[in-house]
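What follows are several structures.
Heads up, the next two complexes both have subunit A, just with different partners, subunit B and then subunit C.
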Partner chain A sequence: MRKLLNTLFVTQPDVYLSLDGGNVVMNKEQEKLHRIPLHNLESIVCFGYTGASPGLMGYCAERSISIVFLTMNGRFLARVIGESKGNVTLRKTQYRISDDEEKSAEIARNFIVGKLFNNRSIIDRMARDYPMRVDVEQFKKASKSLLSSIREIRECTDLELLRGWEGQAAISYNRVFDDMILQQKDNFYFRHRSRRPPKDNVNAMLSFAYTLLANDMAAALETVGLDAYVGFLHRDRPGRASLALDVMEELRGVYADKFVLSLINRKEMTADDFVKKENGAVLMTDESRKTFLSAWQMKKQEKMTHPYLNEKMSWGLVPYAQALLLARFLRGDLDEYPPFLWK
Partner chain B sequence: MANNSEETYLMLSGLQHFQFCKRQWALIHIEQQWEENVKTVEGQHLHQKTDQPFIREKRGEKLVVRAMPVQSRELKLSGICDVVEFVQDESGVELHDSPGKYIVHPVEYKRGKPKKNDADLVQLAAQAICLEEMLLCKVDVGYFFYNEIKRRVEVSLTEELKDSVRDIARDMHQYYERRHTPKVKTGTFCKSCSLQHICLPGLMSKRSVKSYIEGSLAE
Partner chain C sequence: MLLLVTYDVSTTSSGGTKRLRRVSKACQRVGQRVQNSVFECIVDSTQYTQLKIELEGIIDKEKDSLRFYRLGDNYKSKVEHVGAKDSLDVEAPLIL
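What follows is the complex of A and B.
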């Protein structure tokens, strides 16, 4: 597997990025702030209305360094994508399958199998590691119900049914999710998912983590030559990276949720890190966003063994590994798409 | 392969990839998936050349032309010859802008020392076929120039060798027509392959995904 490089997060909105030799230069009001060699970078993520020169964009596009523009709160604005990599044949295969509901379902179900499998692992681990803190009976029940859903889903070739099963499973998982918050219960709780806008601290963090993960996923898919916008489970919708959302299903729990839980349980984020707007929207403060991003970077560098490839790699490469495996499946090298099954 | 337009031509330099590993060739030439090192090396290669196309030197009886674009309708391949030498000889062919008659030799530059390598030979023979077609002549001899020892080695480009080039080129086109990346037997040669991180040769011998999933569920 290739090496994981760094991500440059630009959190100041009034910074302009330009290219100088093989470096990205951050300028603020004619003044150079930093200079970073691009060969060390995997991606650049800009928050707020940061600007970047076309020269820099071209350089990065050619070298598969992704540049993403997000609003200050992490909502997606745009991604710079160069000439698409890979042969059109791969994309045509992707489009053909996407148009075929049954074939789509066969792939989509493995995304869901992966998601439920991993969520179940999270629950089992929690019950094992904190038997005195959580309601073990409740956890065992959730775990069992996820397992039986997985068995049904393995046989399911209908997209609508599949979504139904998934919704069912989400209820079991969400029911115990709040119980996995072991610290700071007064300020951190999970009732249900609220997105636009997130209405509590936990949802604010989840939204932010999902955005970061979705961007990594989309970039990884484009790198292996797939079209991040044409999905199998999520149907096409303008401006939505459906395939990125598809493959991300497997990683939401094990990557993003677990990350958010550990920030709370280790008290790396506290109530002071959030502000509540008049309309009930909860936002992370500028400072806390930095804390969050640097913890996210650390998480990406952490190593584990990929369950299917049996290879040691960093967490940050998992989106790439799954994208590569999906491409290999579409190419006909594999009998099924192998989801990331974390134990 | 009815269509003989130049757009269907494949890269002559692909011959060596194809012989090394058909899958590697397909990854590079069909899927256009390549790792930075292959890309940059080939890129630089091309750059140096195209920066100075048709530079010709006259050295006494010899005319030396660098970076000569060549192609063959028969092989449906096109590429660039490092160096082509034209040596004045009564038995040769006429060139349109130089007086006299010449015999033609392709010369391939190699970084290292001489080693027996069929892939290199095939490459040179393919260049010879291109030159024969373009100049209407016979090309029976080519050279490898080894940079490390600054020496050239003469190679005889036999009909037999050229026939094997024709077979390989036909094979290549068949794969290309199907846009098919073959699953090939992997081997120790994968260790020296610059595409192993993309190819994932380990996948070829992996258990089925079905048993991976069922196995994980059973544990």
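What follows is the complex of A and C.
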């Protein structure tokens, strides 16, 4: 497996990025702040209205270093993509399957199975590790209901039904999610998912983590030559990276949710890290966004063994590995798409 | 791995300043300048060889010299900085 390179996060809005002999240079007014060799970077993520020179964009596109522009709050604005990689045949297969409801469902159910399996692992592990602090009865119930959903979904060939099962499973998972917050219960609680805008601290963090993960996923899909915008479970909608959201389903729990939970439980984020706007939206402060990103980057560099490939890799490469497996399945090299099943 | 590249290019000889500039440019492309004529580069073995071949092509072996220190992957305990202008760790989270 290839090496995971670093990601440069630019969080100052008044910085201009330019290219100088294989380096990305951060300019602020007339001053050069930093210069970093581009061959050490996997991607550049800009927050706020940071500019980048066309020369830099071209250089990065050629070497498949992704440049992503997000708003200050992490909402996606744009991504610089170079020439489409991979071959047409692969993309055409993807489009054909996407148009076929039944075939789409066959792949989509593997994403959902992965998601439920992983969420169940989280619940089981929580009940095992903290039997005195969580309501074990409730956790066992949730775990059981997820297991029965998985069995049903394995046989399901209808997309609408599949979405129904997923919704139902989400309810039983969300019900115990609040119980998994062990620390700082006064300021961090989970009632239900709220987005655009997130209405409480936990939702603000979840939204931000999902955006980061979706970007990584989309970039990974593009590198293996798939079209991140044509999905199987999520329908096509302009500007939505449906396939990235599809494959992300199985990683939401083990990757993003667990990451957010550990930030709270290890008290790396506190109530002071959030501000509430007049319209009820809860946002992270600039300073806490940096803490969040730095922890996210640490998580990406953590090593683990991929359960299917049985190979040691960093967490940050999991989106890439799954994209690779999906491409292999579409090419016909695998009988079924193997979701990421975390134990 | 971390590679430390240091060089001495004789600027009094003919074409010396030109060679010096070309060497520093080539080093800057792959690493960061930590002191005058000292570069720290995070490279793999291919990139190391490429850089070495490139630099060897630039210098005049009669007058100039190059030194490569390979500090391996676990270099963090081997480097200590004292004084102004510490280098940027390109493998740690880069949030700027």
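Please note the rule applied: the second predicted complex is superposed on the first by the 343 of 343 C-alpha atoms of A that agree within 3 Å, B and C clash if a C-alpha of one lies under 4 Å from a C-alpha of the other, contacts with A are read in each partner's own complex, and residues count from 1 in each chain.
One rule holds in what follows: a residue touches a chain if its C-beta (ideal position, glycine included) is under 8 Å from a C-beta of that chain, and two chains touch if they have at least 3 such contacts.
Since the structure is predicted, the reported quantities are computational estimates derived from the model, not experimental observations.
With the two structures aligned on subunit A, subunit B fits next to subunit C without clashing. Once the two complexes are laid over each other on the shared chain, residue contacts for A:Pro37 go to subunit C alone; subunit B is not touched. When the shared chain is aligned, no partner comes close enough to touch A:Leu161: not subunit B, not subunit C.
In the superposed model, A:Ile181 makes contact with neither subunit B nor subunit C. Set against each other, subunit B and subunit C differ in how many residues of subunit A they touch, and the higher count belongs to B. Once chain A of one complex is fitted onto chain A of the other, the partner contacts of A:Val136 are absent, as it touches neither subunit B nor subunit C.
When both complexes are overlaid on chain A, the residue A:Asn23 reaches subunit C alone and has no touch with subunit B. In the superposition on chain A, A:Ala281 makes contact with neither subunit B nor subunit C.
Remark: least CA distance from subunit B to subunit C after fitting both complexes onto chain A is 9 Å. Contacts from subunit B toward subunit A in the complex involve residues 30-33, 35-36, 179, 181, 183, 197-198, 200, 202-204, 206, 208-210, 212-213, 216-217, 219.
Within the complex formed with subunit C, the residues of subunit A that make contact are 3, 6-12, 15, 21-23, 26, 33-37, 39-40, 290, 293-294, 297-298. Taken together, the subunit A residues at the contact with subunit B in this complex read 1-2, 63, 85-87, 89-90, 110, 113, 117, 147, 150-151, 154, 224-225, 307-311, 324, 328-329, 331-339, 341, 343. Within the complex formed with subunit A, the residues of subunit C that make contact are 25, 28-32, 41-44, 47, 88, 90-96.
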